[in-house]
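Note that the chains are named A, B, C and D in the order they appear, and that numbering of residues resets to 1 at the start of each chain.
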Amino acid sequence: MTGIDFDTAHLLAGSLVLVSFLELYQDRLYALLNFYALHALVLAASVAWQAFIQDAPHLYVTAAIALGFKAIVIPVALHRIIVRLGIHREIEKVVGVGTAMLAGIGLVALSMVVMLRVTQEADPLAREDLAFALAVVLLGLLMMVTRRNAVSQVVGFMSLENGLVLAATGAKGMPLVVEISVAFSILIAFIVIGIFLFRIRERFDTVDVQVLDLFRGERR
Amino acid sequence: MTFDGVTFNASAGVLLIPACAAALLAVMPDYRVTARLNVLATTLTLICALSLFFGRPQPSAYLLVDDLNGTFIVLTTFVGFTTSIFSASYIGHELEIGRLTPPFVRFYHAMYQVLMFAMNLALIANNIGLMWVAIELATLTTVLMVGIYRTHEALEAAWKYFILGSVGIALALFGTILVYMAARPVIGEGLDAMEWTVLVSRAAAFDPALLDVAFVFLLLGYGTKVGLAPLHAWLPDAHAEGPTPISAVLSGLLLNVALYALLRFKMLLAVNPEALAPGPLMVTLGLLSAVFAAFMLYRRRDIKRLFAYSSIEHMGIITFAFGMGGPLANFAGLLHMTMHSLTKSAIFFAVGHVAQVKGTQRIADMGGLIETHPVLGWGLILGVVAIAGLPPLGIFMSEFLVVSSTFARAPLLAIILVFGILVALAGLFLRLNSIAFGEPRGPSAKAEASYVPMFTHLALVLAAGIYMPPALVAWFQNVAGLLG
Amino acid sequence: MALIRDMAVQGAQMLLVLLLAPLFTGFVRKVKARLLRRQGPPLIQPYLDLMRLMRKEVVLAESASWLFRIIPYLVFAATWVAAALVPTFRTDLLFSWSADLIAIIALLGSGRFFLALAGLDVGTSFGGIGSSREVMIASLAEPAMIMIVFTLALIAGSTQLSTMAEFMASSAVGLRVSLGLALIALVMVAIAENGRIPVDNPATHLELTMVHEAMVLEYSGRHLALIELSSWLKLILYVSVIACLFAPWGLAPVGAGATALAVGVAAYIVKLAVGGFLLALFETSIAKMRVFRVPEFLGAALMLGLLATLLRFVSGSF
Amino acid sequence: MTLTIVLAGAAALLTLGLLAVIIGRSPAATRFIYGASMLISAISLAAALAHLLGAAAPENVTLPVGLPWLGAHLRLDALSAFFLVVVDLGAMSASLFALGYGEHETAPQRVLPFYPTFLAAMTLVVCADDAYTFLFSWEFMSLTSWALVISHPRLPENVRAGYVYLVMASFGTLTLLLAFGLLAGPDGLYTFAQMRAAHPSAALGALALMLALVGAGSKAGIVPLHVWLPLAHPAAPSHVSALMSGVMTKVAVYGFVRIAFDLVGAPVWWWSMVVLALGGITAVMGVLYALMQHDLKRLLAYHTVENIGIIFIGLGLALAFEAYGMVFAAALALTAALLHVFNHSLFKSLLFFGAGAVLTATGERDMEHLGGLIHRMPQTAFVFLIGCAAISALPPLNGFVSEWLTFQAILLSPELPSWGLKFLVPAVGALLALSAALAAACFVKAYGVTFLGRPRTRAAEGASETDAFSLAAMFFLAALCLVAGILPGLFIDALAPVSSALIGERMPVQIGAQWLAIVPIAASRSSYDGLLVFLFMVISGTLAAFAIHRLASDRLRRAPAWDCGYPDASPVTQYTAMSFAEPIRRVFGTVVFHAREHVDMPPPGDTRPARLTVELHDLIWEALYAPLVVGIGVAADRFNRLQFLTIRQFLTLVFCTLVILLLVLAIWP
């Protein structure tokens, strides 16, 4: 594991966390989608680089799926959904940007402490990847928690899945089964979300989760 | 029929039959035929599962049948079989009153078989990744089934179930990856670093700190699927809004499958002496859910949501039992899992009939069930008596073992648990009074569905409460030893 | 030979008590009249009353049941058996071991129980007033009596009345605070149980005050005679209990000859006279209490009894 | 051998219950079920009596059911044989009574299946020899009696009574479960033999005893935990309330005696103080509550609480004496308590049967609507009178014997060295005496207002005598009360094996001592001969009657009762249950029940009637249970808000849990 390989992998994983932060910052839907595409792009690059370092050909497949699906197809589809739903101008943040950022930093610090302290023996690259992956997962969760709009929640969830893909690739030699399953989940997630969004749209002519909440069971 | 030939088919059969049945059902138009086919498929799966009892196949790279999942496979297929009989008449009635259109019924039956496939796969998967995929598939099918009625609440419940389920599953995947990370330096890369048989044999050498972190993620991930307290939000609404057979399968089986996954990982950690995570974590979450759900029973207005919270409470008690550990408590936990799934599905069968007979699920609009429908009324009472943990039925034995073995070691915990059980019993019977007794309220149509599944379950639980077959006891005790 | 003599003594005791009861009441009425500077009815007036009542016809209320007609015999039997077991002139009577002091109190209790039922049987409000007040008084008097019995039993080491009397007669008893308390409590309970002045006026039929009379308002003729006789018997029983416990001098021992028995009877009659005089004196010197002051009166008796028992429990010397 | 008969009987009863589910609706079912249960309990009674009187060695049986690796251990020793006699005697008489009473049952199919199972459950509780079988049959007994209490679910108060009963019963069972958990230890030595061998430490034994006192006490009806009893017992059909009051509370006493005297080992002196104090308070509070009632069956149920208090006083004394090694006194106190168990099961069942007969004859339970029943139901009135006399502890009958023995035990207690007991025992003695006197008052009221006087309503007027079976059951029990009162020596000697088994010592042999008199400790101290007292009363009574018959005139005339000259005194002028208890309420009620009376007197000239309203508070319910219910309600409301959160808030919950756990992992060493 020469220095350069480690540094690049380190750089890519770090930039993935940085993009997650940027996503957290956005409050416009369009900008959010663009940053999500960037997020998927960086992920694809990182996976590809991992494939190159570990010379594990199957990782290239994952990188391709990540690039093709997540970076291109899903943002475009979501883009079209937003246009049809006509919600592109809405601003919907629950928590102020400042607090979200502070929370994000806290989470990253927490994941660093937890992961690095725990994985002493494992090789440095895997440790780094896991730490960054946990950070991305926590940031994804934070994004889901601080958003009202169903689409942004889904984007938060997908960036969380990206963190998982990063973790999976970081674990050297994890059999192909994992890659398929991760991809498998993206596919299902996307289809289901699509169906949901349309049906939700049909039913309540808005996709704001808060309106949805009014119809919780037993409320009336 | 050579043994090895048959047995290999049996474990494969348990998977193949539901898979191809699902495919077949997706295309069959007529409701009459699909309902019968559904029952036929579950019967065949049950037969395969029973044949597993007699000859266990060698664990392969992807499939494994041992003491722990042997019994749960049979339980899952049996409850699946009885629920399919119940759902045949239930869905038929839903079709008549127009709550479901034929295409949706076709979708329902297909999804039902996919769910069976997913659960069976999760139970006998030898590879932790494969198990994760199976549970993820089971969650997605139930999400679609919950949303099948397309009412506002159903969609909201499905959407909530999807979001929380996916977050839970994501955490579980992260936990699985961490377990793989811990296994890799000891076992090396590739498939066998994710196989239960190999993992359990070599777990003593894993890094305990990493295993603890992994268990935290696994507990939160699969704990969401089990419905433990802070992560339970999806369960009541999913039960209340989905069709009743699905609530029965959800409460009876899916919670067990998720808890089974947790047990597998707890067995893993039990082998590693330094790993301490499972005990205190599971005890706190278990107690929290038992007491929290007990209090939630009082203000419930919807009958299915009431029994959903009762499921959360029982899952809390079971997790508490496994958290305490020791042969007695583990045996009690395993027994409680089996008894709870049988009783809760029987209760949901009864609730299904009640909802159809009274035309509503609001407890305020029903009353005097004993007078209008004596058999159904007494069936529901017997179910509630069983779920409250009163004697002749099986759950009393498990609660007896858990409370008495815990009180000697940790008196305060036992007192909190007893408080939870008592508050839950009071809440359950308070609601039962307004449903079963008093002046008959609300419409009372004639219930034409069969009561056979309900009473078979209650008869089994009654039998287990009095006499347990030695083979079953031996398995449970053996597994209780393994669980540490 | 000794058995026949004991049987004779027991029979004599029962007859003596029966005969002296009306005389004692006549004597008390005579002394009270004298103290009020009145002539008063002759001493044998109660005997005359009994004769008169025996001859008169019985007027039964329409709503009276068979129980109403049986109760006079039950009350008389209970009281007579109780009176027969209290040693008057000789201790250790033949059947004294068959019932101790607690049993005697319980016999009186059953007498009161049936009398209260008789009050309720006719279904008029007078019977109700009498029974409910009698029962309230009894609910405080009986525990006080039991406490007194505890004190005496703890001092004498037995609840048998004759053993207690012998112990009291012996020098071993000494002056004890608990005995004093027990005596005062016993006097208060005796007054309450027999319906004497401060608790209930035996001579009046005024609705607001009568307790014992209200219960027997409906009785007439031979039934009333029996009821009156049993209440007189009860009075003499209480006086002889106080006498045999707190003034045991002159009680003839077990195998005593005729002279000792005669001395015993004489002593008993003197004690009765003194007791009757003190009772009359006390009754003329005090006015009747309002009915709802009686619980405090009896509460005091109960507390005294409890204090005496407590002192006995705490240490042997009290 | 006898244990196999008893278990066969229990099995037969269970199958009878199942059979009743099928044939419940057919008319002949009632006669068949009750007849069969009577027969089975008679056989089982004979077996138990043979075992008790023969002082046979304990018999053990292990059945393969119950805990898989343990099996169900069942054992018949002296103690369980005695309580089995009480159970089967009560069951036999209740079934005999039900043969007649059952005919009036509107919904037999809801009572018949549970009645035999209830009897079987009680038999099993008494024979159980390991914690699981004991608690299994204990809670099964509560479950079947709960089903009987709600056999008429249309009435909301029955459903509420059933609910309160089941929750309290489960509380009791869980407390007992904790007690057994303590005795069994972490590795689960659940059989009683193992528990006896374990010899728990003093502190452990104390905690186990207190838990057993709370658990068994709540089922028996010890005061703070008695609230369910006066609700549940009246709601059940009369023969079942007789069983619940007369027999089930005794099974609860058996539970306590088994744990306190057998399993926990050598008692410590201060344990008895708790039992004595609770017993005394229960005795007085029970009878005071009973005095305030005007519903006949509630009055009898509250009165059960008083008698349970007396039994626990006896048990407390026995514990105190055993703690100081005064074995003879302990044997006396225990025998007194057990004799009172037997006596109470007799006369309480008799009284409940009487109340049942009145209920079927008039359809009324409220005493204010009864009266004058002695004319219309003479035999029931006679036998109810014997019951009232027995329960008020009047000499020739059995109530007096057990109370007299308890007093003798109290008189032995000055030798107890501990100061606490020196002050507590006299106070408890005073409470016992007070409760005995108040019991007499209570039953004068019950009998007088119900049977005597003039009928207050048309229903009371229209009453007619009850059927032969009920009368047979009542007369059988009344005869037993008289025999137990007259020949107590027989019954005390029958109890000897029980006290020698539990305490190692027995009361002196009664029969030969002094011509049928009973001698608690020594002839010199005190003795009581029921037979002689009874004979004396009979002789003096007949003597008086003979003299009167000979000397006095026998003329008799009927005339209207004297009511101050008012022409037609309507029945309303009679004393009612509330007015009869007014003096005692004025004495005790203001303190114990915050009793207040509000008189609304119309102004002169206004013709409307004056109204007197009496306001009674059940302080125990208001101080202990109402706040608990409100507390749970508030907690439920607060928790309920968690149901209506948005998805985002639920996600925050999951998120916070994850973060907290990660923090714990980060900080944890």
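FYI, contacts are C-beta pairs under 8 Å (C-beta built on N, C-alpha and C of every residue); 3 or more make two chains touch, one makes a residue touch a chain.
Please read these numbers as outputs of a predicted model, since none were measured by experiment.
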Practice task
Trace the shortest sequence of touching chains from chain B to chain C and report its length in steps.
Solution key: 2
Fill in the blank from the handout: Larger contact count among B-D and C-D belongs to C-D
Problem - Chain at the geometric heart of the assembly (C-alpha centres) - result: D
Exercise for the section: Could you tell me the distance, in whole angstrom, between the mean C-alpha positions of chain A and chain C? Expected result: 100
Completion exercise
Chain-centre distance (mean CA atoms) for chain B and chain D, in whole Å, is 44
Problem - chain C and chain D, separation of their C-alpha mean positions in angstrom - result: 35
Exercise for the section: Go ahead and note the Å separation of the Cα centroids belonging to chain A and chain D. Expected result: 69
Practice task
Going through chain B residue by residue, note those that touch at least 2 other chains and give them in order.
Solution key: 159, 163, 167, 171, 212-213, 236
Problem - Where chain D touches two or more other chains at once, by residue number - result: 643, 647, 651, 654, 658, 662, 665
Exercise for the section: Give the residues of chain A that touch two or more other chains, as numbers and ranges in rising order. Expected result: 114, 117-118, 141, 144, 153, 209, 212-213, 216, 218
Exercise for the section: Give the pairs of chains that touch; include all such pairs. Expected result: A-B, A-D, B-D, C-D
Handout entry: Sites on chain D touched by chain B in the complex
Key = 64-69, 131-132, 135-137, 139-140, 143, 150, 153-154, 156, 159-160, 162-163, 166-167, 170-171, 174, 177-178, 180-182, 184-188, 190, 632-633, 635-637, 639-640, 642-643, 645, 647, 650-651, 653-654, 656-658, 661-662, 665
Fill in the blank from the handout: chain C partner, complex, touching residues on chain D are 371-372, 374-375, 378, 381, 385, 389, 392-395, 400, 404, 407-408, 410-411, 413-414, 422-423, 425-427, 429-430, 433-434, 436-438, 440-441, 444-445, 447-449, 452-454, 514, 517, 523-529, 532-533, 536-538, 540-541, 544-545, 548, 551-553, 555-564, 569, 571, 573-575, 579-584, 586-587
Practice task
Please give the residue numbers of chain C that touch chain D in the complex, ascending.
Solution key: 54-67, 73-74, 76-78, 80-81, 84, 95, 97-100, 102-103, 106-107, 109-110, 112-113, 116-117, 119-129, 131-133, 135-136, 138-143, 146-147, 150, 153-154, 157-160, 163, 207, 217-218, 221-222, 225-226, 291-292, 295, 302, 305-306, 309-310, 312-314
Handout entry: Contact footprint of chain B on chain A as seen in their complex
Key = 114-115, 117-122, 126, 130, 133-134, 137, 141, 144, 150, 153, 157, 160-161, 163-164, 167-168, 171-175, 177-178, 181-182, 184-185, 188-189, 192, 196, 199-200, 203-204, 209, 212-213, 215-218
Exercise for the section: Name, in rising order, each residue of chain B that touches chain D in their complex. Expected result: 159-160, 163-164, 167-168, 171, 212-213, 216, 220, 224, 230-231, 233-234, 236, 281, 292, 295-299, 326, 328, 368, 370-371, 385, 388, 390-392, 396-397, 400-401, 403-409, 414-415, 418, 421-423, 425-427, 429-430, 433, 436-439, 466-468, 470, 473, 477
